[in-house]
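Letters A, B, C, D and E mark the chains as written, and numbering starts fresh at 1 in each.
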Amino acid sequence: MTDVSKAEIAEPILRLRGIGRRFGGLHAVRDVDLDVAHGERRAILGPNGAGKTTLFNVISGDVGPSSGTIDFLGEDVSVLPPRARAKLGMGRTYQKSRSFLGMTVEDNLYLAVLGTRSGHFRPISLRKRDGEMRDRARELADAVGLGGRFGELVGSLSHGEQRQLEVGMARASNPHLMMLDEPASGLSRGERVALTELLLSLDPAITLILIEHDMDVALRVADRVTMMHDGRVIVEGTPDEIRANQTVHDLYLGRGNHSDV
Amino acid sequence: MSDVPLLAVEGVNAFYGTAQALDDVSFEILGGSTAMVGRNGMGKTTLCNAIVGVPPARVSGSIRYNGTELVGRPSYKVAKLGIGYVPQGRRLFPSLSVDEHLRMIAGRGGGSKRWTVAKIYELFPRLAERRRNGGAQLSGGEQQMLAIGRALLTNPSLLIMDEPSEGLAPAIIEHLVETFRRLEQEGLAILLIEQNLGMATAIAERQLVMVAGSIAAETTAAELSTDMELQRRYLGVEPLAERT
Amino acid sequence: ATARSSASTIKIAVLSDCQGAFGSFDNQDMAGVVTAMAQFAGAKAKNPNKPRDGWTGGSINGHPLKLVGVGCSNDRADTAIKETKRLMEQLGADILIGPLSGDESIAVANYAKQHPNKTFVDGSAGAQDTTLKVRAPNFFRFNGDGAMWNAGLGDLAHNKLGWKTAAVIADDYSFAWTSAAGFIAEFCAVGGNVTKRVFPPLNTTDYSSYAQQMPTNVDGTFVAVGGAGLIPFLKAYEQAHGPIDGKKFIGNLFWGTPGQFEQLSTRVAGAYVGGAGTAGDLATKAAKAYNAQVGKVFKTIPPYGAAAPQAASTFTYGFYVNTWGLLAGLKANGGNIAGGQKSLQAAIKKVRLATPYGPLYLDKNNQAVINVFYQQLYEKGGKLAVKTVGEIPGVTQTFGGTFSSSTPAPGRTNPKCVKRSLPWIGKTIHPPVTG
Amino acid sequence: MTRITPDRVVGIGALVLAVIAPFIVSSYWVGALLTQMLFLGIVAASLIFLSAYGGMISLAQVAVYGIAGFVVGNATTNGNTKGLNLGWNPWWGVIAGIAIAVGVGLLFGALASRSVGIYFLMITLTYSVIANLTFGQVTDVSGFGGISGIPAPGAIGRVEAHQNRLYYVALVAAFLVYLLLRYVARTPFGLTLQGVRDDPIRMASLGYNVNLHRTIAFGFASFVASIGGVLFVWWNGHIDPASIDLGATIDVLVIAVIGGLYRLEGAWVGALFFVIVNNYSQQISFIGPRFHTLIGAIFLLIVLVSPGGLVGLWERALELASGTHKEPSDRTPIEVGPVESHV
Amino acid sequence: MAVDRPPAISNRARSLALRRRVLLVIGWTLLAILVIVPLLWVLFLAPTTGKWATAFGSAVHDPKDFLITVLNGVTAAALYFVVASGFTLIFGLMRVVNMAHGALFLFGGYVALKLQRGMVGEGGSFGLTSAQVNLTHWIIPAIVGTVVVAAMGLAMQQVFLRWNQGQELRQALITIAISIILADQMLAHFGGVAEDIAWPRNIDTFVNLRVQGILYTETRLVILGIALAIGILLWLWLKRTRTGMVIRAGVDDRAMVSALGINIQLTFAIAFAVGSALAGLGGVIGGSFASLAPGLDANWLLYSLVVVIIGGMGSLGGAAIGSLLLGLTSNFSAAYLPSTYTYYSIIFTFMLVAIILAVRPLGLFGRPA
């Protein structure tokens, strides 16, 4: 291993300093510092409207930060557009599904695979390359449980099935950093269990950041948890520390825990 | 109550093009809360839309509310009969602010005037803080709160909710469970579709299970939360013991 | 008798406008054609209240004249070409009468050049290029062009009204340029000076800025704004400079054409206007006979009502005189259209007509040399009326050499203001008029 | 390998008919109607391509086609009263026409690439108005009366004399355009375009340059449209601003919609229908000059009964015949993001 | 944990920052060219003689004509606003691209014109001067024209459009087809000659503005007043009642509004009728201001489109700004372009639209969700 890559491993894969985002007078995210190490599984918890999704949007570049810097893989990406960050190795899902409703599951995944590769504008199909990408799409569909609906238009999938597709699309480019925004929401219990398994079985080199209100999923998968409230990070710790933390219970989990059985 | 059920669903079929999404669904609700669970893509949303009259599925069969036939009736008339709807995916209006969502509906039509805009803000203080935000400028959970508030404001006597817990933080869910229990005691009937079994069983004693477009089983909250075999059969959950 | 019945049919098509700005004159066009057919070839109108239905019967030297189709254009060259193709190629016409307006006629003349074995006579189009520049040997025009129609006005303005300087406003396209060119060429020829030329784009709605910039320190203004723009321009002018003094205005045919001038209302009473080679109120025998003839063939010409008063319309007369020219040619060669119609074309070239509005012959470009009239608007019982006040004999297309096939076409800066001698200056006659 | 479907049978049948058409129909049909159908179909196909695969309903296709036509006109005529009269070889004219049209198309596309839905429609409509006004007002390159006497290349010869030659050239061009568009739709470029149509934000987060993609797609469609423009001026020998005015723009839109906005075949089906209706409606004597009313009514009827246009009707007929019934799909291609109102 | 050290600034980021700066410079330069240079030109630079001569010279040189041009621009804007406000309502709120708006405009004008001529009794085929027309002769036709067009728009919406709500292209084509039919029928019934509605004599006078001795025509000021009244009424209607909210919500998700117990079709019908009525009223005013003739329907449709596009869909304020820009641009380019170039004035207007849309893809006041 070269010095550079060693240094990279010592460095966090993602480092936020002083990140803030305002919407008019509202500070949706304020002064967030965050370091995520290579291969870490990080959960971000917080009450509704705490700023979790906004933080994701700032990291992925969908909205610009009002203040602060974002380093990814040791490079300052604060001014890069989303597509450049994707090419550097970020992949994400959206809280509200964003897939291509007029295309088949296969083509959705194909596009997700192609995104970080070259040849977006290629007006001819190369049998070998496309075949390989389509095989990869097939694999992904099977992995998220959509193998049986490979050829169908996404617009005719049920809500939960579209949520499954989201995860598949985020994985497609083999990103270094995968950000999942409430991947379990809308999934049935069976699918949630499958999702948890899937996340647990991910390549350990992949770094994962997860927003999730289902504690069964979040606390099982994460090895570190960040809790946000009113745009700020207020607690950080291991799942067990979080479970035991009184603030977390007061602000987020409530007295009993109805999150699931 | 008299012998007429509040909601009587009888032999309902629904199609998307040639694909059948509901297959001869029949059940009745006399009052109180009923929950329906089922895996993704089983037809739960299709059923809710069929009751309220929301496109695009083609629906046949009979759905009666207090004896009035709903199939073929435009949905605004269905809503006026006293059916409130919290749709899956929230379906807010991006062009309206939070406040406008509520004001647009408040005070319309007859019925009990139990709910007012102020009461909704009381129920979800978060919405009051965001009253000027557009429907698409809310966080996922806030959107869900607004969708619920919007439905309550129609002052329904039957409330149909399609996965209302989606995206909500655990504390809010807890809060909602209490609220719905209270409302049920005040006479509101609820049909709840849920993936969150905790919420489903906390609110409703009666549980319907939908599999592949039909009601496959009717059971109770207690049974559903404890009977792993039932869960595995209908919800695809592997009992923990079998996992490695 | 056998020779007669075996004589070949001559297939004729008419190209008129039934869409666009001139769309409502469709029936006038056909009325002109059918009247000539009735008068010179023994045809009968199919429907005395609907000229567009065409004629029945009619023959020249035993050759039946058959109407194979009426084309329907919209004052655009493209449509005119498409319709011409349909009429000539699909319906197989031998001879085309038309079209109605300027740019269409250039396109048809170009088409004619490509099809030397067919014969074309104009309808009422007045573009200068059609005969001056395109010069198709088989395209004939028995009406004047836009510049010729304004002959006499420059002489009138300078020598009778005493204008030394004038401003010109005209639509920014070729017909209006040509129309203005007729005034400018003559006004300058006799020593006047055009100090300002304004060309608002077509489709202008709000003329206020253009009206505002029309100079008031000139002796008079020549206006060649037409279509939907003339009334708004006049209104804007009133709003900018107060009521219009008719004596300080000269308009082109847009001001004087029956069916159109009525709309201007009495605000423009007193103004002189150029015509289009016609004079409806002419008291000569020939002119009266022409009106009567139209009234005999048709009772009404929709949508404008009674037929006879519409005889002097540019469109009725244009199609009439061109059809007449064609029939005169056919008569002269015995209705022979064999041999690529060469003998017919040679015969038409030699045609001389004594028209209701004076004698006429064709120049070397197949363009008629004609008499031109100008009119004056006046108030009669609270309504605007028009009377013919001047006739200029023998107007040629070249304006004494101002225009030729090698000079630049009339445009925003052409023709230049140059003094020169014109053959018809001082020869204006004041013809007898009715009413 | 290739299955025999009714679509294929009809398609091949239509192609065969098109090839032998000059031997079975009148020369007017070939020279005037069918040739016109072919190049109008090409322009409409460029619109359908953009709309079906890119979600961009462009009203600038006629403007681009006009630009190609005017460039060819200015470059290849000689001794006319209007235009630049460069007198080039017609083939150079074609190259210049297509190149300039594609260049302008790329510029148009770049400026419009951030607009979607109705706004895209409107910005492209203003392009078409600007093109129309520019050629109308700038008398150096055209002026209101336009350019006449535009020659076709020597190989095609005088169009008036050899109508079949231009017809076959147009047929080959249309066929190639059809194959090209169909092919491109399945390539990475085409699929990416469809992704951009469905969700540009997702595409950006997957690593795509959305605006660049839209721009290039627009340039590509301009290329196709400009082929139509070149054929048009060869066929017509003349072009003027009215050839690309609002009416002409709407004609092409109508052709695309009547044919069916979701399938490329629709372009030529719609064009054939349009050309025939236009040509014959006024020959119905009782309609006479009011044939626009008839045309309007026919369009209205088709839009009302079949969202998928004539091709949609055909598809529905096939379904009925085979017993499978599908709801008419109304994928409306314009999807406008909700707009906040703050009146 | 590693110590904080400044992150490597990549080449990509650097070139992006550079690109951003270049774009900024280009943007400002463009802005200067488009706004500041014309402003300086009009105010100080425009000469009265020479190659670049303009009609009036600069504002400093000839303040009176400058002020009149401003007034002309503003009052023309008022007319554009009246016509476009109905289009905004239908197009902006309901997302129906009503391509028949121009035809409705023309039809409203013709109805009023025929009625006015009937009332004055001078025979239908002769134009009237304002001296022959009193206030009633104008107001009654205006009301009738407006109401007839409202009914016609309503019928069009009920019969053809309501089944296709949300399918924007299809609706646009339906209205195109209707406008083709309407235009052809109007040509058949009202003829091809341009005609105009006469202003009543009471207002066809001049008002002394007491600035620079300007006598300004009252009719234009009346149009301005009508436009203001319409603007305020519409604003109140949409802001102070639920209708506005319901329409906007209905456009976002019709089925959901209905599922909340609101009869959205009724609301749409009312909105469509009002929008059409404004087209009719616009036709009456436009026919009095300018003229009525075949083909003008397309012009006014284009103006309405331009206004709404510049301003941003669904924004009344935007429509007002759009009208102002259109009115001022067309008047100023006609008066302050060098005299040998005024014929390009009309291109300028559309360039303006293209540039605005390129910079602000949703129009000046359009906001994304």
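The rule is short, and it goes like this: a residue touches a chain if its C-beta (ideal position, glycine included) is under 8 Å from a C-beta of that chain, and two chains touch if they have at least 3 such contacts.
Computed from a prediction, not measured in an experiment: that's the story for all the values here.
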{"item": "Given chain C and chain D, the chains that contact each of them", "value": "E"}
{"item": "Selected pair, greater C-beta contact count between D-E and B-E", "value": "D-E"}
{"item": "Centroid comparison with chain B (C-alpha atoms), farthest chain", "value": "C"}
{"item": "Chain centre separation in whole Å, for chain E relative to chain C (CA means)", "value": "37"}
{"item": "Centre distance in Å when chain A and chain C are each reduced to the mean of their C-alpha atoms", "value": "76"}
{"item": "Intercentroid distance (Cα basis), chain D paired with chain B, Å", "value": "48"}
{"item": "For chain E, residues that touch 2 or more chains besides their own", "value": "184, 188, 248, 251-252, 314, 343-344, 346, 369"}
{"item": "For chain B, residues contacting two or more additional chains", "value": "16, 93-95, 134, 136"}
{"item": "Set of chain A residues in contact with two or more other chains", "value": "81"}
{"item": "Residues of chain C touching chain D in the complex", "value": "18-19, 23, 26, 52, 69-70, 72, 76-79, 81-82, 85-86, 89-90, 102-103, 106-107, 110, 114-115, 127, 129, 133, 172-174, 201-202, 409, 411-412"}
{"item": "Of chain A, residues touching chain D in the complex", "value": "60-62, 81-83, 86-87, 92, 94, 98-103, 107-108, 110-112, 114-116, 119-125, 130, 169, 172-173"}
{"item": "List of chain B residues in touch with chain E within their complex", "value": "52-55, 74-76, 78-80, 85, 87, 91, 93-96, 100-101, 103-105, 108-109, 134-136, 150-151, 154"}
{"item": "Interfacial residue positions of chain E with respect to chain C in the complex", "value": "55-56, 65, 68-69, 72, 76, 79, 122-123, 125-129, 132, 184, 187-189, 191-196, 198, 206, 217, 219-220, 286, 289-296, 299-300, 303, 327, 330-332, 334-335, 339-340, 342-346"}
{"item": "Touching residues (chain side chain E, partner chain A) in the complex", "value": "1-2, 4, 7-10, 12-13, 16-17, 20"}
